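Pasting a structure here, questions to come.
Letters A, B and C mark the chains as written, and numbering starts fresh at 1 in each.
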Amino acid sequence: MTKRLLLGVVALVLVIASAYASFYIAPEERTMGVIQRIFYFHVASAWAGFSAFLICFVANLLYVWRRDQKYDWLGVSAAEVGLAFTTIVLITGPIWAHPVWGIWWTWDARLTSTFILWLLYVSYLLLRTLVEEPDRRALLSSLFGIFAFLDVPLVFGAIRWWRTQHPSPVIMGGANSGLEPTMKAVFFFSAFAMHVLMVFLVLERYNVEKMSDEVDVLRRELETA
Amino acid sequence: MGLLSNSATLLGKELRTEFRSRELLTTTIVFILMVVVLFSFTFDPTTAESRRFGPGLLWLAFLFAASLMLQPCFLREQSNDTLSSLRLAVSDPFAIFLAKVGANTLFLMVTELLMLPIFSVLYNVPVLPELPWLILVLFLGSLGISVAGTALSAISAQARMRELLLPLLLLPLLTPVLVASTEVTVGLMDREPIVQWKGIGFLAVFDIVFLTALWLFGEYLLEE
Amino acid sequence: MNSFKLPPTGLRFEKIDKRYGGLYALRRVTFEIAPGECVVLAGRNGSGKTTLLRVASQIVRPTAGTLTFPGTGDGAARSGRPGYVAHTTMVYDELTAEENLIFFAKLQDVAQPVARAEELLHEVGLFERRTSTVRTFSRGMRQRIAIARALIHRPSVLLFDEPATGLDPLGIAWLANSLRELNKAGCTIVMSLHGESEISSLATRAVRLDAGAVVGDTNSGASLRSILNFGGA
C-alpha cells in the first residue's frame, strides 16, 4: 500500500469512528436533543477548514519569497479543501438551527464571519481563473491570499463586537465552556479526524495540481516544437 | 529621492491629473447620489429608522462607489506603460502606493463630504453637531477603503474581467471597515450622540495592518 | 548632446532566463557589453529582444540569472538606472511635455529640474510645444518626448527598443545624429533594430537572438552584416 492510500484509509476510518462516537458515545444534550450531535461535525469542520486556510497562507508567503511552483500548488489545494470544509460549516449551521430555533439563519457571529471567510476564498479561486499566465497567477493569488488571511481576524473581531448586540441564538454556545468530559473527548476526536481528512485531501489535490501543471508544460513544449 | 519627497511629487501629479479632468470625482459623486436616493426607496425614511439604517446605507454607497472609482487607479498607467517609467524613476516602489492611497483617500473624502449635507436633507438626519468626529470616521474609513482598494486594483489590473473582479475581491475584504464605520457613524448620528472609541481604534488598526502589508508586499504587486 | 563625459558603464548578462508559463522568452543569455559600446540586438519578432531590453532596464525581473552594470571606478554606482525608450512614450498623455519632464526629473532627484527639463526640450526640438499635452503629439514628437524622458537623469546606459519604427527619414536622421552624439559623450547604447538603416551603421557590435538564446555575436568574429542579416535564413 502506498503511503497516500494508507493515509486515505486512516482518514476514512477516523471519520467513521468519530461519526459513531458522535451518535452513540456522546451523551444526549439536555435542551436540543439529537440534532445537537451535529455540533461535533460542524465545529470540527470549521477548525479543519481554518487550518487549511492557515496552510494556504503559509504557502502564499513561501511562494512570494521563494517563487517555487510547489508552494502555489499547495496554496490552491489548501484553499479548495478549506473552502469545502467551510461550505460544510455553512450548510450544517442552518440544519442545526432550524429544528432548534425554527429559523434557518441566525446571524450568529461565528457563522456570519465564516460566511465572509467563504466569500474571500471563493474570490481567491475566482481570481486564479482570470489570470492565464501561471507564474503571474501564482504571484497575484498569493498576494491576495495574504491580504485575505490578514483580514480574517479583523472580520471575526468586527462581527463579534458589533453584530451580536441583538440577542441571537448562539449556535456553538461556548464550544469549550461547560462541555461535559465525554462530549469534550468526542469533540476533540472529531476535530482530529477532520484534520486527518483535511491533510489527506490537500495532498491528493496537490498531486492533481502538480500533474496538471506538468501536462501543461508538456503541451506547450509540443506546441512550440 | 526619499520616500516622502517621491510620494509628494507623485501625489501632486495624481491631484493635478484629476483636477484637470475631474472625471473621477464627478462620476463618483453622481453614483453615490444615485445609490443613496435609490436606497431611500427601499424603506420608509422616518427619522427613527433613518438614524438606524441611514449610516449603514451611506457607507455601503461609499463602498460601492469606491470599488468603481478605484478601477482606473492602475489601469490608467497601462495605456502608455507609465507604470514602468514610474518604477524606474522612484527609489522605493512604496512611494507609488503611498501617493495613490493618498490621492484616493482624498477623492473619497471629497465626495463623502459633498454627500453629507445631501444625505442629511434626504434622510432627515442631522450631521452638523458631531461634524469633527464624523470627519474623523470618514477619514479612517476612507483610508481603509483606499489602502485595500489600491492594493487590489493593482492585482485586478493584471487580470481579465477586471471591472467585475475588483468589487468581488474588495467588498468581502472591507467587511470590517463597513461594520466598524457604520457603528461609529450610528453612534454619532444618534439622538444622544456618542463617540465609539472602540470603533475608531478598530478602524485605525485596520488601516495600520493593511498599510504595513502594502509596504511589505507592494513591490511584488507591481512586478513583471 | 551632453556637455560632459558620462562615467562609463557596461552591462553584464549572466545566464539570464525569463519564463512565461512553460515558454522561455530568454534562455541562459550570457554576454557582456563593454562601457561605451554601441550594440545592436538583432533577431526576428519574438526572438526575445524586447524582453532582454526590459530585463536590462530592470523593469522585468528575470526568472534566473543576474544582471550587473560593471563600470570603471565608481561608474556603476553613479550611473543609476539605465534610460529606456520603448514602443510607448511612457509619459502621461494628459500632462504637457514640460510637466512630464519636470515630474520625472523631480522623481529622480535631478538638480534644478525645471532648467534640466527646458534644456532637454531644446535638445529634442520640442521647446515650442512644451505647453501642449502629449496627447496632441505626432508619432515623431512622441518618440522625441520619450527620448527626453529617458535622458533626464543623464544615464550612462541607454536602451532603445526599435527606435526607428514609425519615424520618417528626417526623424531617423535626427535620431542617428543624437545617438552618435550620445555615444561620443560616453553613453553605452543598446538598441534592438528591425532592419538595416542609418541607425544600424552606428553600431560597433551586434548580438543576434533567436528563440530567446544568443545565436551570433560580432565579438566572436562574425561580421556586422551577417549578424544584422535579417532577410537571410
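Just so we're on the same page, contacts are C-beta pairs under 8 Å (C-beta built on N, C-alpha and C of every residue); 3 or more make two chains touch, one makes a residue touch a chain.
None of the values given here were measured: they were computed from a predicted structure.
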{"item": "Selected pair, greater C-beta contact count between B-C and A-C", "value": "B-C"}
{"item": "Geometric centre: closest chain by C-alpha means", "value": "B"}
{"item": "Chain of greatest Cα-centre distance to subunit B", "value": "C"}
{"item": "Between subunit B and subunit A, distance of the C-alpha-averaged centres to the nearest whole Å", "value": "31"}
{"item": "Where subunit A and subunit C are represented by their mean Cα positions, the distance between them in whole Å", "value": "51"}
{"item": "Inter-centroid spacing, subunit C versus subunit B (mean Cα positions, whole Å)", "value": "39"}
{"item": "Junction residues of subunit A - those touching two or more other chains", "value": "132"}
{"item": "Per-residue overlap in subunit B, given as positions that touch at least 2 other chains", "value": "223"}
{"item": "Residues of subunit A touching subunit C in the complex", "value": "132-135, 216-217, 219-221, 224"}
{"item": "Subunit B partner contacts - residues on subunit A that touch it in the complex", "value": "64, 116, 119-120, 123, 126-127, 130-132, 136, 139-140, 143-144, 146-148, 150-151, 154-155, 157-159, 161-163"}
{"item": "Residues of subunit C defined as touching subunit B within the complex", "value": "54, 57-61, 81, 84, 86, 88-95, 99, 103-104, 106-109, 149, 153"}
{"item": "Subunit A-touching residues of subunit B, taken from the complex the two chains share", "value": "148, 151-152, 155, 158-161, 165, 168-169, 172-173, 175-176, 179-180, 183, 198-199, 202, 205-206, 209-210, 213, 217, 220-221, 223"}
{"item": "List of subunit B residues in touch with subunit C within their complex", "value": "1, 5-6, 9-10, 13, 16-17, 20-21, 79-82, 84-90, 223-224"}
